[in-house]
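Structures incoming, each one as structure tokens.
Two complexes come next, and they have one chain in common, chain A, joined by chain B in the first and chain C in the second.
And then the complex of A and B:
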């Protein structure tokens, strides 16, 4: 698989260089990854939350990542359904076993998908 | 503090106060921002919120000198005992309790450096038919284990 190179991107976003480089390195270490979770990236890159969030949003705006929201089921897994923003999340959703659960107390998780 | 972080923590506090309304609070926040034409801030704050909720910041660690000091004191203390015994000075029976207590405190304080994620539970051994039970982990457990072993093998 080709190595990911953010050099041009970093030239355009000098203030976020460190975070973009950290994500670039992480992606090159996990070349089979197609989905990025901010909490995992934060843990494995040691970036602070603000820098990481800004860098991820740059990658979304540059068309490298696509951001969606998923909901965590009561058993702790993410639903298959994806939402463009949290206001689209309905009051109930089916879990992986097709059992409906109330989403009122559920975690809303931003998920980033690699754009092919 | 960064304004985005302030907003994420404020949102987190609101969720912690009303966890049964978690989704509604997030939706209202997003809706407010989007209506004001600032959905980018909402996206950033929700990413930060997710990171902060998943990876809470660590509690203040022990000062860096704490473990070396504990270990150093134990080593000096034990070395002193060895040297003293070489010159014929042994710990009298009446002083053994204090010796074991001091050693136990030192081991307990140095628990991380000694690789300790020990745990102990059971009845307190000093009282026959004791209704009291204990359960402890880490430094306190190592203190108890060292103290009980020392008491049984060295003092009794």
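And then the complex of A and C:
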């Protein structure tokens, strides 16, 4: 995992100190993580949705995370394909067993990747 | 760069085929240059701002960008069909010089100097590259670019009058990248880009065989089916956890019951983390169930290959077919082929 200087980050974003610290602690417990799922962070850090979203946004702005979007397949798992913007999602996508499905009614999920 | 139009086309290819990380790695080669910015929030920004600025300032050579396109369009987001050389096919017939002479004639060396050909001709298929691979002098790659127009349904249906429905179709350009990868001494890969139409996949697969002819023909090979490899991967997973895990499996038993196992990625992504799932899949295997797909996650290794975890869907439709959904490094895909060779014995 990339070492992130959270002390500097927190200095620059004092109002989000608690959320950034919670993410730092979570990353320290999951050193091999390359992808952050907001659902997991919400479950395991007990941050509220707004604080978590703000902290993730800061990490994206600082170039530490990259936000992409994935689509839920009809079986409820995420596709392998990722998109920079939800508008790029095509009408059909392959599920994880390579069966194509219509994306019109599928949920779109934000996912955060560690930038190397 | 001759003009802006070409640069726009080149950047569009980078955007379509290269990953964010690959583009960033290219920019990082000129780290410290005041005209090169490495970080970006989006892929659009890193391609159309950071990379464009670096090229405009001549901090990044356009040839390096072409290399990036070649590397990224050849490795990943593909169906790979494996074929094994028949014993009756002499190895010399598949040597680079022999294949080159048959494909390009007596002056093949002169012709190859014009490769790679980045530009495409409309509505046609053309051989765009034929080369040996670094560090693997007996291996080669033949690449074909194709272009066609496809008409597709947009999903919009409208009732304009009673009992009359209008469906909207659009015609679009489709750029096609096909490839043959010879792994001496015995394995040929036909790589075809992914598409929602199975008919197109099969058409492109056949087209690649046509483009290999007359030097390399299908009857010199047999499909290299992965059934034994799948069985070995499953039974030996306990001893190879650091090498690979499974994420999805689809199996049909002797009675025709179809079972699918899938792991949520936010819960680790390892199917065999569940003892019940491991027991079930091993049970299907020992009862001679028919595997209709197995996603293997090849784990990142300290040696640097694979550089990052790589997922490969085995036995996608046919037993000698795999699907690699993500763009990958060439060395990583070669690593997977080598692993499959070991497990499919």
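In the analysis below, the second predicted complex is superposed on the first by the 111 of 116 C-alpha atoms of A that agree within 3 Å, B and C clash if a C-alpha of one lies under 4 Å from a C-alpha of the other, contacts with A are read in each partner's own complex, and residues count from 1 in each chain.
To be clear about the criterion, a residue touches a chain if its C-beta (ideal position, glycine included) is under 8 Å from a C-beta of that chain, and two chains touch if they have at least 3 such contacts.
Predicted model only: the values in this text are computed from it and were never measured.
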TODO: Could you check whether chain B and chain C clash or fit when both are placed on chain A?
DONE: fit
Open item on the list: Per the contact definition in the header, classify A:63: touching chain B only (first), chain C only (second), both, or neither.
Closed with: second
TODO: Using the superposed model, determine the angle chain B, chain A, chain C defined by their C-alpha centres, to the nearest 10 degrees.
DONE: 120
Open item on the list: Quick one: is A:86 in contact with chain B, with chain C, with both, or with neither? Answer first, second, both or neither.
Closed with: first
Open item on the list: On the A-aligned overlay, A:21 touches which partner chain: chain B = first, chain C = second, or both, or neither?
Closed with: neither
- [ ] Figure out whether A:94 sits in contact with chain B (first) or chain C (second), or with both, or with neither.
- [x] second
Open item on the list: Output check: A:39 vs chain B and chain C. Expected answer is one of first, second, both, neither. What do you get?
Closed with: both
Open item on the list: For A:77 in the superposed arrangement: first (chain B), second (chain C), both or neither?
Closed with: second
- [ ] Please work out whether A:106 is in contact with chain B alone, chain C alone, both, or neither, and reply first, second, both or neither.
- [x] first
Open item on the list: Just checking: does A:49 make contact with chain B only, chain C only, both, or neither of them? Give me first, second, both or neither.
Closed with: first
Open item on the list: Please give the least Cα distance, whole angstrom, that chain B and chain C reach in the superposed model.
Closed with: 11
Task: chain C-contacting residues of chain A that also contact chain B - done: 39, 67, 85, 104
Task: Residues of chain A touching chain C in the complex - done: 34-35, 37, 39-40, 60-61, 63, 66-67, 75-78, 80-81, 84-85, 91-92, 94, 96-98, 100, 102, 104, 115-116
Task: chain A - residues contacting chain B, complex - done: 38-39, 42-43, 49-50, 52-54, 56-57, 67, 69, 85-87, 89, 103-110
Task: Contact set on chain B toward chain A in their complex - done: 2, 4-5, 8, 19-24, 26-27, 30-31, 34, 39-40, 43-44, 46-48, 50-55
Open item on the list: Show me the residue ranges of chain C that touch chain A in the complex, using the header's touch definition.
Closed with: 20-21, 24, 39-44, 154-155, 194, 196, 247-248, 250, 260, 262-266, 292-293, 295, 308, 311, 313, 316-317, 323, 325-326
